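Starting off with a structure, shown below.
Read from first to last, the chains carry the letters A, B, C and D; within each, the first residue is number 1.
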């Protein structure tokens, strides 16, 4: 492999893949959501555009691209334009650290299925995903109108207070895996022949609830509550800027699902490693397992959205400060105790 | 710098104001201090128009008042004109009217369940409620040809007879509704988030409710046993036996339970009416041009939203001198301020949904 | 482009076809209902008649993200300036549908308080008769609107914006 | 004197009580189509209503109706007549109080007694131009505040004056 190829072409291809991977997942996710919510509600959902409506998100994106871009007169121009970029940029950057599978050996060159592997990969991903809050705040505040402002205020309090249980539960996993590197965590789960989701059930449940809350989804979608705040923080956005907000929400969902899968469900590991007669499952490449697990969690997102009513703001905050944070603290102490006493 | 109160406009165009109602809210950081409903955005000048139309021409316009319960408006207006003109509706006509009015109450309550749940976030219940309602609209479409503005009750009786096919179809629809109701109840009744959003919100006691002039399910949720079908029976409702569901605390959750129980009662009434359907005429002899001697009358019925009444003054010609409509939602909406004060902003949406108001009826 | 009035350059018509295909298939209606027709509009979006098949089920509550304004119900004089302001807040390639006799021509209310037809204040693309029009009628109206969108030439407007709108 | 038929004892009893308690203020009574209506002088409106509400349990004001009698064959001295439909809950007893009012003669507001009359009186002002003394916030309820004229008066054209916008 000539250095030109290995040092330039492959990294560029990988970067393109990292950008394309969430976009494709977003397209699939938008279609999946509209179809699944429709089927839950007893109707058909988009099925006129392309085969069974698969091109519907493409049509939406192209239409939004050709929409007029309105900036309200009193809006703060800089922050108004910066908000969607921040929201989109932070989630795309986080995908660089998310490992998709074991490194592949092609001839003499090992192709690593991630862009960057760093010993503190998990910390970076968590940090980046909290940058998107800035985007929401700027968007809500800069539109200079009441409903987006209320949406932004709600979003700030919600996302910040749900970061604490996320952090604590991630800490409990890091204690077990003794490393912050996501690839290492998956390898540890492979070595331990058990997924952390079964060893730390409480952490998994708390992490999943706060993941749903952090992406402003389903019962916690107060910042963009359709029936109260008109359209929440992105009321004033139109055209491509709104498309960024719309796509960023789905990208965050994919990011949160992949985090849950890596931390608690052993990334690309086949489901029953120990069982002999299920050995044929190993033939399926790791990346496929990874995708199957993510699709399950994305389906869970949509399922929750279609069934649960919306939390009220104070009960949302009461839930996190009275239940999730104490629970994750106790869980962390239990994990530490078990780790060192055993 | 104290966070001064925001004046927020849940303006005439808002996803959860059920039409063109505008709420001027004074909000202190999510806590509602003052609510001032502003109405009139759908005022079409009905009463002025009625003074220029004959009695039979007014009936289809009454569909457009409470457009979720068109047949109840027709029934109220027809009963008032019959009382004024002294027309006696044959027994079969009265029974068919009960069937139609109670089917319309079912449709109105199912639509309400969908709208209220959608405001509080449970989107799928809107679709389940509307699906159940579609079956009832199919019955109306087969009976008289229209889905929403049905114009199915005329002065003197009902335009068409209920033949065997239609009766069996109605029974089929009625047997399908409890299954859908079970889905809605399973999703909402014991749901923790739903109860958090509705129990203890928008409280109004029995005395306050009577003082505000509340009527209908909103009043019965506070425990006041006033159902006009029982207290002042009309159109032979006294031959039907059904019980009146009552709430206890008078909050949003009780209004939800009362209306859900009323759906079951309405099914019971329609089945009874179909069982005891007497043979004979279903339309009284009404002259083509109905001239009514001068007089004045006030007649009310129990519409899905509350006590709906008409005052008609006639002057001997075929056009009424004055028609005044007593709208239940118009009076129920006045108590919104009392219920919303002190609650959070997102509760105003829940309380408004539980009041089940329709702007066509408020604004006339 | 070289000559100001390009006849039918191959690239442009392909672009038109692609853009209108996208606009046609993702007309997001503006979730505003005024009177009885709004209930029939919601019934059209509900399970049986399911407007979502045409990609229209995202009823956007904010005018900024909607591109189809279905005026469903009676436009009174008190509501007219608000309807006009909502129309102006919608981003540009936007279409308007007057649903029901009241929106088309004032319907059964020739009174002092009702605006006799919404086309007095906003340019209407498709008129749907009926009081209220049945969901099938509304769907038919929306499909004629889709056909109309497919005929429009968005690239001509982008290239010379001062040219008359080819709506 | 009005003779209420024997089959409606409650109405007869209310009629006797009223004429007994307010002999000079009850100008005329009428019993027609099963409904009792009492015409009352405008000054005694509030005392009569308080009496009916406290002693006779008429705790619900069903409706407040305004009639414009200018086009009647025998045009009465006072143009408008305001009707108060009272109802006693529980039970089925209804009474209608009729008060005749001149064109720009203010009337006492009944909001202190029945809170549901608040918007009803605002509607009467909006549609007929009747003024109510003591009403907390007498503004137009339906039409925009700058609307000139009172639509439900008989002399107001159906299509309205001038262009709608």
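The working rule: a residue touches a chain if its C-beta (ideal position, glycine included) is under 8 Å from a C-beta of that chain, and two chains touch if they have at least 3 such contacts.
This structure is a prediction, so every number in the text was calculated from the model and none was measured.
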{"item": "Number of steps on the shortest touching-chain route linking chain A and chain D", "value": "2"}
{"item": "Chain whose mean Cα position lies farthest from chain A", "value": "D"}
{"item": "Between chain A and chain C, centroid-to-centroid distance (C-alpha), Å", "value": "36"}
{"item": "Gap in Å, rounded to a whole number, between the CA centres of chain C and chain B", "value": "31"}
{"item": "Centroid spacing, where centroids are CA-atom means, of chain C and chain D in whole angstrom", "value": "47"}
{"item": "Chain A and chain B, separation of their C-alpha mean positions in angstrom", "value": "45"}
{"item": "Contacts with two or more other chains, residues of chain A listed in rising order", "value": "41-43, 226, 230"}
{"item": "Multi-partner residues of chain B (each touching 2 or more other chains)", "value": "14-15, 40, 43, 45, 48-49, 127, 131"}
{"item": "Sites on chain C at which at least two other chains make contact", "value": "46-48, 61, 78, 110-114"}
{"item": "Graph class of chain-chain contacts, one of line, ring, star, complete, other", "value": "other"}
{"item": "Chain-chain contacts as defined at top", "value": "A-B, A-C, B-C, B-D, C-D"}
{"item": "Residues on chain D engaged by chain C in the complex (per definition of touch)", "value": "142-144, 151, 156-161, 164-165"}
{"item": "Interfacial residue positions of chain B with respect to chain C in the complex", "value": "11-15, 19-20, 40-46, 48-49, 60-61, 63-64, 67-68, 111, 126-127, 130-131, 133-134, 137, 147-149, 359-360"}
{"item": "Sites on chain A touched by chain B in the complex", "value": "37, 40-43, 146-147, 150, 219, 221-222, 225-228, 230, 305-315"}
{"item": "Interfacial residue positions of chain B with respect to chain D in the complex", "value": "39-40, 43, 45, 47-49, 52, 83-84, 86, 210-213, 224-226, 231-232, 295-298, 300, 307, 309, 311, 313, 315, 321-322, 324, 326, 330-331, 333-334, 363-364"}
{"item": "Complex contact set, residues of chain C against chain D", "value": "77-78, 80, 110-116, 120-121"}
